[in-house]
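Next come two complexes, and both contain chain A; in the first it sits with chain B, in the second with chain C.
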Partner chain A sequence: MDDKYLPAIYTGFALGIAFLGWRIDNAYYLQLLIFIGLNTLLALSLNMLMGYAGQISLGHAAFYGIGAYVTAILSTTYQVPPLLALPAAVGAAMVIAWIVGIPTLRLSGYYLGMGTLGFGMIVHIVLREWGSVTGGASGFVGIPPLEIGPVSFASSKSYFFLVWAVVLAVIILCRRIIDSRVGRALCAIHDGEKAAAAVGVNTRRLKLQVFVLSAGIAALAGFLYAHLVFFISPGSFGFMASIKIVTMVVIGGMASIWGALFGASLLTLLPEWLHAFSEFEMVVYGLILMVVMIFMPRGLTRGLMDIYERYRKTHDRQ
Partner chain B sequence: MNGTAKPMTGSDPILEIRDVDKAFGGVQALDRIGFALEKASITGLIGPNGAGKTTLFNVITGIFAPDAGDIRFAGQSIENLEVHQRVSLGIARTFQNVELFESMTAMENILVGLYTRTRAGMIQSMLRLPRTRQEEARARDQAMELLNFVGLRDYASRKSGDLPFGWQRMLEVARAMAAQPHLLLLDEPAAGLNISETGHLGELIKEIRKQGITILLVEHDMSLTMSISDQIVVLDQGRKIAEGTPRAVQENKAVMAAYLGKKANPTNN
Partner chain C sequence: MQELLQYLFSGMTNGAVYAVIALGFSMLYSSTDLINFAHGEFVMLGALCMVSLTAGAGLALVPAFFVTVAAVAAAGMLFERLAIRPVRHPQPIVLIIITVGASIFLRGTGMLIWGKDAHSMPPFLDIAPIDIAGARLLAQSVWILVIVTALAAGLHLFYKKTLTGKAMTACAVNKKGAWIVGIPFKWMVLLAFGLSTGLGAVAGASIAPITMSSYDMGTILGLKGFCGAMLGGLGSLWGAILGGFLLGILEAMGVGFVSSGFKDATAFLLLLLVLYIRPQGILGTAEVKRF
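Showing the complex of A and B:
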């Protein structure tokens, strides 16, 4: 549809990143932008599954955690170079998603929600209790900074460029999947699973494939997170984190890649702006979810567009 | 499953339904149903409401497994094939209550219909190599041709859910045709169409048959069914009560009885 403009949009996006990286030296702002990038990856990951294929996951932070812990353990405990730990981290999450997905994706609606929720809790408990390997509840310390060959990503600025280059690459790849035979079949499953099967889509296999892809993207974000903060603990990958990812997708609007960027930005910045609400974070997310679902079921971005459309139509009529 | 359908030869029936039973709780929706479809023929499947017509479609397409009996397609049993595998083999259908992908455009609906006739997987889609681009371009051409075939060429980029109901039915036929089927199952395609649309649909069905495609047509519009069918099969309460040429069936006493009180006369609709 807007395929024509995509190269221009991507170029603009890349220039925007370059500009921000060039202008901003403040470490706090850079850090904030890096976190927006990581959250965008998480939102994109869940968006492929939830927004396009219509399959809910309430345990998505588990894959984020698997990505982070696999690279932490490999690069710290076993001193594997991060560049080799990356495929292991992403691969591990994808294999686990595949194994978990086979029985889970037979479920639908609430049951799929409960299934993924249970999976997320199990991973969280394993991270917390398997102390000898994961460091247990107190966390895993001493993760090395990222070095790829001679290039070091120890500075905030270099990490900013790395994370956003990855975000752009993932956006392009997701967009390509969506505008393809596979992407259309995913949307078809969302619209009507029975009809999708009746036109020849192997719905079970396709759902499993997106689930695996989605887990891979979340693990990539986890990998980047681990080498950014050098210290990780199970708390970052629990139920709260999963709900936060769902909230980002819902706010940004399902099935919208740019919406994922918006949702991620908002949920990264909001806690920074409203320091007071840290204790009520869960309550605030719950409220946001409720309000958006009731008044703007298509997400905040599209919801505002819809309201504008309605306003314009009533005015045109007068 | 190999993706491309095999060419059919000879006058062996393309579809054989053998003693199929299907019950829902206490309701015997299909009771030892058996008949066969000749290649490139049009068979009208008629019967009062609740006779079991849609249930038979669901059994043929694999949505329900029959309690007993067998379905053979092009000489082989398809009992163990899943819904999507049967489509690859060459069985396509439409639904009684139109089931389009409503959030997608007319064009995209047809493109999804081409799913079994295209290859690109997730990785190819990400890489977009020349071969994948060519396949996509070819698919779009084919989809456009199909839209043209059903008269929706100018509405390719309209959301299917926003199309008038009659056009949605046409679009669903085009989407089923995209699978390049050997057998097309149409479940009440004329329901909700006006007279001119129904006439157009009749022409379309004859055109499809000319392409060598076998058609099984469930339809309450008797003038349409009787005029285009080579053979009529009549179901009533899960049983086959008559089978034969349109003329023979219209004169059949059991058929008259089945329709009496429900619909006065099968020719009068």
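Showing the complex of A and C:
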């Protein structure tokens, strides 16, 4: 997409959100849209890492969980106002990402996959077993609704606007990063780490930075999730949750911001449309991942675009 | 002392199972440079098939065991043919997502076939536990140890003495070179998948009597097997066995002396440590490009 249209696209996007928020009063639809927003944040965060920098993470739900649990513990157990808990939640995830990232991001390929998977499992086990702090396997109850100063976000509609404002802000942030020098350096790492290093990209530092950023966005989504549902349990942040995020990115297309929105929407709506879906959830996700990756390794939306391009070219030639 | 011995026994039993799973990872990696993230699900398939064939269909032990292994190996070869070979650009990130997808798919299929309940079956032979210095050693544990020893010896002979085994070693050393001297590389990959998933099935079938088998047991077992393989040195036959046993024993000691809730964390902590400190593992010698 051309850069000069971006402000128009953002404005259109914001107007679209405002219109939806103005028209929709049904609590169920608002809830659904809020979840699409949260999943979009998660997909965007993993997309920065996987789509642009080419570094896989199979434990991304860990950061989502850290964000949710830090704010839950601070605002419930210690009565900290949510506005102060937010930087703590995001900061904790970023610090952990930094500490874990230093050794992990030296790995590549399969080892990075296994390393992040192991990290995700450890976080999940800690959330489940550290009962005195996290509430253990039965979960953490009684998280207060979000209040920032005099503004309360207890109603679905206000929460809808909050979440989507955050989504828009994160989209703009990601887009700005990608269009910058840093973004080009990330793409260079994706295409060839040694080549990127040879032309002067500090690959190790850059990978760490994007990992930390990505963890921060995921923790932000976790923060919003905790104050939305008031009850969190380790089950929402396990291996399957990480796989869902990967599936969203794969469907939406690696290295595509609007694709993240599409992938998140599809995977949030699919279970709602198909009532028998929960039985087949894993089979469907597995098939999607395999089929898309075999035939369109750049993701579903990109793959379909490529096929269309190819079709048009052969058509034009005739 | 008695306690220590008891932990050692239970660690050795689990360790033997991890060793077989690690062998599957290791031999697939050495001949195809690929880590199969769905390997654990083939262990699950092995365990549940075994339960269904013996307790469900009433088949005798030995035929049930071989039918299970053959069926799972066939499933593994089918997986290679349908999902791995068609990949045009086999970069790690693509293969990781495909095998993770396969793992989720197999898990979902397992849930649809066997339901969410855990299943159990009687031990191979109904013998009372053996008493050694006050610690109990289950008869099934002895069986598992016998199976591991037989497998290790068999694989060793296969690689060193048979033409097919030597051809596979050649593929592991240099794919193009192997292809030039006329080794059918594609068949070797298919065979490696069959052997690797077959090993997974052996692991699954042998633990079915001592554990509750359910559709979601595979992921953790697979990860532990991978951890064992990394610990001993990925690609090394004896390394996989050493790593598996070491992991099992360390885990049992952790459960005994620290906490049982964090049992599964032991393996992942070890895995992360190995990845960071000595990615070539204990017995791995060859230069490995892990960085």
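In the analysis below, the second predicted complex is superposed on the first by the 317 of 318 C-alpha atoms of A that agree within 3 Å, B and C clash if a C-alpha of one lies under 4 Å from a C-alpha of the other, contacts with A are read in each partner's own complex, and residues count from 1 in each chain.
Just so we're on the same page, a contact is a pair of C-beta atoms (placed from the backbone, for glycine too) under 8 Å apart; a residue touches a chain by one contact, two chains touch by 3 or more.
The model shown is predicted, which means the values in this text are computed figures rather than measured ones.
K.L.:
After the match on chain A, would you call chain B and chain C a fit or a clash?
P.N.:
The answer is fit.
K.L.:
Could you tell me if A:I56 is touching chain B, chain C, both of them or neither one (first, second, both, neither)?
P.N.:
The second partner, chain C, only.
K.L.:
On the A-aligned overlay, A:I243 touches which partner chain: chain B = first, chain C = second, or both, or neither?
P.N.:
In the superposition, A:I243 touches chain C alone.
K.L.:
State whether A:L32 touches chain B only (first), chain C only (second), both chains, or neither.
P.N.:
In the superposed model, A:L32 contacts neither chain B nor chain C.
K.L.:
Examine A:V80 and indicate which partner it touches, taking first as chain B and second as chain C; both and neither are also allowed.
P.N.:
Neither: A:V80 stays clear of chain B and chain C.
K.L.:
Under the stated touch criterion, name the partner, chain B or chain C, that contacts more residues in chain A.
P.N.:
C
K.L.:
Rounded to a multiple of 10, tell me what angle the C-alpha centres of chain B and chain C make at the one for chain A, in degrees.
P.N.:
After superposition on chain A, the angle is 80 degrees.
K.L.:
Quick check on the superposed pair: does A:S180 touch chain B, chain C, both, or neither? Answer first, second, both or neither.
P.N.:
first
K.L.:
Per the contact definition in the header, classify A:L168: touching chain B only (first), chain C only (second), both, or neither.
P.N.:
neither
K.L.:
Upon superposition of the two complexes, what minimum C-alpha distance (Å) separates chain B from chain C?
P.N.:
10
K.L.:
Which chain A residues contact chain B in one complex and chain C in the other?
P.N.:
none
K.L.:
For the complex, give me every residue of chain A touching chain B.
P.N.:
Residue list for chain A touching chain B: 1, 173, 176-177, 180-185, 187-188, 190-192, 194-203, 209, 213.
K.L.:
Per the contact definition, I'd like the list of chain B residues that touch chain A in the complex.
P.N.:
Going by the criterion above, the answer is residues 61, 63, 82-84, 87-88, 92-93, 95, 99-104, 108, 111-116, 118-122, 124-126, 128, 132, 135-136, 139, 157, 175-176, 178-179.
K.L.:
Given the complex with chain A, which residues does chain C contribute to the contact?
P.N.:
Going through chain C, the ones touching chain A are 34-35, 37, 83, 86-89, 91-94, 96-98, 100-109, 111-112, 219, 223, 226-227, 230, 259, 261-262, 264-265, 268-269, 271-272, 275-276, 279, 290-291.
K.L.:
Which residues of chain A touch chain C in the complex?
P.N.:
Those in contact with chain C are residues 50, 54, 56, 58, 103-104, 106-111, 113-115, 117-119, 121-122, 125-126, 128-129, 239-240, 243, 246, 250, 279-290, 293-295, 297.
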